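Chain IDs A, B, C, D and E follow the sequence of writing; residue 1 opens each chain.
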Amino acid sequence: MFDSLHRRIRKKGLPPGTVAYVGPEQSAQVAIELIHADAGGVRHDRAASPEDCLKAAQTPGLTWINVDGLHDPACVTRLGELFHLHPLVLEDIVHTGQRPKLDELDSALFAVLKMLRYNEDARTIADEQVSFVLMPGVLLTFQEKGGGDVFGEVRKRLVSGTGKLAKSGPDYLLYALVDAMVDNYFVVLERMGEDIEEVEEALLSAPSPRDIATIHGLRREALFLRRFVWPLREVLARLEKLGPPLVEDATVLYLRDLYDHTIQVMDTVETFRDMLSGMLDLYLSNASLKLNETMKVLTMISTIFIPLSFLASLYGMNFRHMPELETAYGYYVVLAVMALTVAGMVLFFRRKGWLGSSASGADGGAEGDRDGG
Amino acid sequence: MFDSLHRRIRKKGLPPGTVAYVGPEQSAQVAIELIHADAGGVRHDRAASPEDCLKAAQTPGLTWINVDGLHDPACVTRLGELFHLHPLVLEDIVHTGQRPKLDELDSALFAVLKMLRYNEDARTIADEQVSFVLMPGVLLTFQEKGGGDVFGEVRKRLVSGTGKLAKSGPDYLLYALVDAMVDNYFVVLERMGEDIEEVEEALLSAPSPRDIATIHGLRREALFLRRFVWPLREVLARLEKLGPPLVEDATVLYLRDLYDHTIQVMDTVETFRDMLSGMLDLYLSNASLKLNETMKVLTMISTIFIPLSFLASLYGMNFRHMPELETAYGYYVVLAVMALTVAGMVLFFRRKGWLGSSASGADGGAEGDRDGG
Amino acid sequence: MFDSLHRRIRKKGLPPGTVAYVGPEQSAQVAIELIHADAGGVRHDRAASPEDCLKAAQTPGLTWINVDGLHDPACVTRLGELFHLHPLVLEDIVHTGQRPKLDELDSALFAVLKMLRYNEDARTIADEQVSFVLMPGVLLTFQEKGGGDVFGEVRKRLVSGTGKLAKSGPDYLLYALVDAMVDNYFVVLERMGEDIEEVEEALLSAPSPRDIATIHGLRREALFLRRFVWPLREVLARLEKLGPPLVEDATVLYLRDLYDHTIQVMDTVETFRDMLSGMLDLYLSNASLKLNETMKVLTMISTIFIPLSFLASLYGMNFRHMPELETAYGYYVVLAVMALTVAGMVLFFRRKGWLGSSASGADGGAEGDRDGG
Amino acid sequence: MFDSLHRRIRKKGLPPGTVAYVGPEQSAQVAIELIHADAGGVRHDRAASPEDCLKAAQTPGLTWINVDGLHDPACVTRLGELFHLHPLVLEDIVHTGQRPKLDELDSALFAVLKMLRYNEDARTIADEQVSFVLMPGVLLTFQEKGGGDVFGEVRKRLVSGTGKLAKSGPDYLLYALVDAMVDNYFVVLERMGEDIEEVEEALLSAPSPRDIATIHGLRREALFLRRFVWPLREVLARLEKLGPPLVEDATVLYLRDLYDHTIQVMDTVETFRDMLSGMLDLYLSNASLKLNETMKVLTMISTIFIPLSFLASLYGMNFRHMPELETAYGYYVVLAVMALTVAGMVLFFRRKGWLGSSASGADGGAEGDRDGG
Amino acid sequence: MFDSLHRRIRKKGLPPGTVAYVGPEQSAQVAIELIHADAGGVRHDRAASPEDCLKAAQTPGLTWINVDGLHDPACVTRLGELFHLHPLVLEDIVHTGQRPKLDELDSALFAVLKMLRYNEDARTIADEQVSFVLMPGVLLTFQEKGGGDVFGEVRKRLVSGTGKLAKSGPDYLLYALVDAMVDNYFVVLERMGEDIEEVEEALLSAPSPRDIATIHGLRREALFLRRFVWPLREVLARLEKLGPPLVEDATVLYLRDLYDHTIQVMDTVETFRDMLSGMLDLYLSNASLKLNETMKVLTMISTIFIPLSFLASLYGMNFRHMPELETAYGYYVVLAVMALTVAGMVLFFRRKGWLGSSASGADGGAEGDRDGG
């Protein structure tokens, strides 16, 4: 969550349009992947040079240039020069703390989106910025980190040369890539959903401090997701309305479908937030109920035995002149008084509804819960 | 709630427009029901073939094609080919984790809605996706699960051939079917309303942990309902404004009436949410009040008897030289001091307002409640 | 609150446009009241037939037809036929679980509003549906229940034949009737306001469980009111913008004034909701404060006397060899140790700020409250 | 808060447009103040008659007619006749329970606003309705109560005849008067702000029940203010957009500046509401912390001494055959067991983190707070 | 927060457009800084006179006039006369309690923004008003306080004469200055973010009262920030849409980028607010859990030992006739009864789930938290 702030700070003081990488250091080589598809077939080059890319882009057909890793500004700057990208666009590409957005440039579209990855161990969501530049016949994508993306299926379908992908324009390719990213959001949501269900069950049976920390963590992650999903929805709503020449009419229906999926993601995130709030309420209500039960037990024990102990202590005093001590039946009278006190207290608690409800309410309730829930 | 997520995941990696069933396995046969009404009468075929359907649709008059069950993709695909449906529409029909929506296609309308069913035992709401394709003279409906729907009355009125239904276009039939679905929402809402009233009464008399779990469950179901009702309202608002050729002017008044009903459903769901929140507040306030009462009892007992017990213990010590023990009236003096202490404490508690309010407040209040509430 | 749901359910399965009464059974006769005013004077008929009404409506002048009670569908149906009302309008008139709304028909306006009645004993608000059909020269009103409405003053002014009412069109009469209904909302609000102020004072002095139940009940009623007032505002906003022929320009200023009153009603309902939420917070804060005070008393008493009692018990042991017991000043030494312990504890509590604040804080605060508040 | 409801009720049953005073009785005489400024100089008449006013209004130049007190309906009615005001306008002027609003009449503007007064003793805000009628060359103002307004400075500047006021139209005078009222809102807000800061400091050091009542009272006043400020903003937004002939272009810039001030008032009120909510949370968190500390002290004392007391009581029993009592070192063994028990308990509490945090946490924390905050 | 109120009050009663400084007294001299850049080079004058400024502004090229300190009204008034600024603009410049805003004047733009400074010691945010007047070829800026701003880098780039700044119009300079201010907002946000993370960690391990006060303070600062960021966003949204002549098309892309940054600031502030609310919930849940644990310990100890103590006291009574005391095995029977009681209680607690969960739940949970979190 604070990563984007850190990244932003590092740039402070540099003139706008400076291309300076701000993310963590990376050892892997920056790689440019080039896929060119035309009537003659598909060419796939995993380590192209910027100049190769320009040449391919100037050949008719569909060109996808995918940059893996942003830690080599020279590479990005060179691509920017060759494809005439505005300095601010280059800055936004390299500067990975952006919010998802869509900018209409003179003859190109620039979109920044987030790819999510669920860290199973830490139960946190990691984000990776993916920037898209859509130009006639060409799609450039810039991924923040090398080493794995969610585009495997799309790449396979495109390289195979069969199907709609290789025959359509770069707008359909853009759609297919964003669709893969949004599909992956559902995977992340499902993981979160499983965690939420698990915690909810724990809360209803035996809540522990760990559950509260988990709820808190899940709320943070939901907040985190929300920050990416709301602007994503805006991006798709605007993309759908752009129209030719960059977005063909045939693609609009697909984009609308994608927009519907985004709404569903948003909806789910909001529902998660509502559910997590509800669970804290559930926890607090249960804790308050248990405290009440505990206090009733303590109060009943104390209220019964403290007066009895007093009575016993009274006749344990060592005064020389205590006439009751000398009588033959004193002891039995005291025992009788004690028994009467206990009986009175029990009656009092029964009238208050503590006895029945305390035992049957707490246990029976919990049991009934498991049966009925 | 998580079903739609599960369903979405299964599709991951397939190209868009793939018709793959993602719901639970079903044993029943997929059945196509065909009703054709024209001036010559009404024909009702419970097991029609896709080709029968096309033939009926090409005959003048009103044709309703109702597919029960989606687990046979071949059947849906065949219908899609015959009626020239877009692959994305077919995908959305089969892919049952959709959010209610309305898409305007070139010469057809595509709507996805949810049919609700109240599970009396589990106190949960189950949803079933129903998709509508409205074309000139033809209405196609696709139900997720075979075995029962809420369209019985509409079917009877249409097959009888009398009344407005058989004489109107498919837009009026669409209205009648959605109206039946929305009417059924009211049935679900009434069940929930009964549960809410029942829990509310329990909370005011004797709250138990089971009630908190019920409130929590009802809030979840309200959240669940809300996710279907809000988009439903949007669907109807847009449907009403579409106009000819697909929606005739005469039907608009009916659609507006239906829209009013949807608003009422939404209104009721929101009111339920407000009421359920209010009930948790009520519960917590009552629990806090009871804890205060319990603690007052404990504190009074302890405050009165602990000093007395100390005094008794004091004179139970076995020191050889304790002059008080030897005096003739020591015992009576100690008894008098104890009596004075008790009187002082009682005065102190009365000044604090604990004595009167504790007894009369708690019991009288609860009794008054039953009288007055 | 649940009445409207019950009423809606009963209709389930009937074709749209069916005129079936769904309210509670009523013994009183359905009465049609007819008032006709023209240059020649005013005619007032308390038991007119539908045909009388039509005749009067066809005579120039202002005609008000007021139907008291809806449990005779035949009567409503007959009027509907004579005045050419759409079946859906008739259904909505008879079907009294409607939400306030305004429908523009071909040559008429149809409005559904709610008349409120405050039940002093049960402290609840009862609603009664009043439907208005405004046609050129004619206003039809349908009241759900016979036996009393809030239109007495308007009726008197109209029948007297003097003043603006008898000389204006049916739109001004509609305004006057709705104005009387909204004025009555203020009466209901004032009653609620009195109850709220009463509970607030109780909470600041001595809160009881009855007060929490009252707050809960008032919140429910505020929720109830809100469901009628929000749509009422929409109805009036649209009415004001309709313009001729049905609403004359001269009436618009009056409708705007009425709209302002509705905003004020809404405003007051929202303020009530905010105040009631604030009062629960006030209650919980006070309860938490009192619990803290009680616990301090208990803790101080226990902390002082439990160690002392232990000391006393220690020297009450019957060991043969306990050298302290034999010393001449053992008893006095123990008493001194006890006194020092008490002094130490008192110092500790004073340092914790328990002693001063406990006594003066609780009492002084409450007293200061009464002086200052 | 409930005043406006009371006032509204009193009018119930009267026909719309009736001029009936509904406020509290007032002894002071209703006074009409007339200021007329033209090239020839300024005339100031503190007790003009309605006819004087009309004459002055018909003379070229700027005329301000200010009515102090509304309890003489004849006076208001007479002015209404002379200046051709609509009956509904007169009703709204006299009927002082209005919400701030702006009505555009045929050739005049009618605005209702609220003047606020802070009651230092009761810590409450009192409102006084001021109505404005803006006509070409003339501004009429109607103040609910005689005896003091916030217009002193404006009056002085106007009467002095120098400066912009005397040379501008009535729209600039209207601006100057409303500006004086809004400036006074800031005074009220500053008083509230001081109270809020004071309570906040009290909450952080030593919260008392009086503080909770003060927070509650301040929330009520904030709610009260909010009801006047939101519509005021709407009034100014619409006023700014009206344009000639009633509002000159030169005045628009001033109105926009005034609108900015209103936004600032609104902003401050909302911030106050947020802060007051935050303070209740702060109070509850602190109370919960203190309760935990108190309970730890009680639990530690009880847990240490109750077992010890039991041990002492055990050997205080008077059984004839208790071999331990006879041994020479029994007493010392018991003392050793007791010491070990205490040591064990202390270790247990230290492991639970109660000992260190209890002492240093509570005191050190509070001290650190004062140092650091 | 209350500063702006104080400042506003001081002006009360003065006619609109009065230029009166309302901030705290300042000792430093008011300095006018003049930078003029044209084809011939850059001139930088740190102590220019108003007349110098006018002369420079009338020379072709870019002129930046920066006034440091507003406590000399004469200086501001003189500049206002020379540059024909409206009196209301001068008033807003000097009157530093403004809300961020943008006013379009006849041939100039007037913007008020806030520069933030983070006070590391007090953990509070201080604001300083900066006003911008953009005219053809000229940018005037007015800073509330002398002694340091965030414009150092921009000044250096402009004075160096190389780069885009010296060659662009005053609109780009305006952009660069506001960009520097917004970049500084991120620095403030990062500091807050660090504090939030620190407190969150403390809450999860060992919450103290200091943490609650810190959360409260951070919420106040977030509220404070929010009041400046929301209107800032509006200012930038409107600036971007203004277009020529004052804002050139080439600058619009930069302004849009800046707008995106503002959205990100807003987003972060809202996220902080959500997180801080969530942390109070976390704290309260943890406190409630700990209270429950403490109470269980107390209840278990009391419930076990209070009955045992009673039994011991019973046989410590000094009645002459207590037959049990004389029996040979009485003592052992009592010890056995006590052991059975303890065993029964332990069984009871185990059945209630107190024993296992109390020990392992509290400790194991906290430990697991540290491992897993």
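Brief remarks on what is shown
Basically, a residue touches a chain if its C-beta (ideal position, glycine included) is under 8 Å from a C-beta of that chain, and two chains touch if they have at least 3 such contacts.
What you are looking at is a predicted structure, and each value in this text was computed from that prediction instead of being measured.
Contact with chain C and chain E alike is made by D. Rounded to a multiple of 5, the Cα-based rotation taking chain D onto chain E is 70 degrees.
Averaged C-alpha coordinates give centres for chain B and chain E that are 40 Å from one another. Chain C and chain D have centres, each the mean of its CA atoms, that are 25 Å apart. Residue positions of chain C touching 2 or more other chains: 284, 288, 291, 295, 298, 302, 306, 309, 313, 316-318, 322, 362. Taken together, the touching pairs link the chains into one ring where each has two partners.
Against chain E, in their complex, chain A makes its touches with residues 1-2, 4-6, 8-9, 11-13, 15-17, 86, 88, 92, 97-99, 101, 103, 206-210, 212-213, 216-217, 219-220, 223, 227, 280, 283-284, 287-288, 290-291, 294-295, 297-298, 301-302, 305-306, 308-309, 312-313, 315-318, 322, 324-326, 328-331, 334, 362. Interface residues of chain C, counted against chain D in their complex, comprise 153, 157, 163-165, 175-176, 179, 183-184, 186-187, 189-190, 193-194, 197, 204, 253-254, 256-257, 260-261, 263-264, 267-268, 271, 274-275, 278-279, 281-282, 284-286, 288-289, 291-292, 295-296, 298-299, 302-303, 306-307, 309-310, 313-314, 316-322, 352-353, 357, 361-362, 365-366, 368-369, 372-373.
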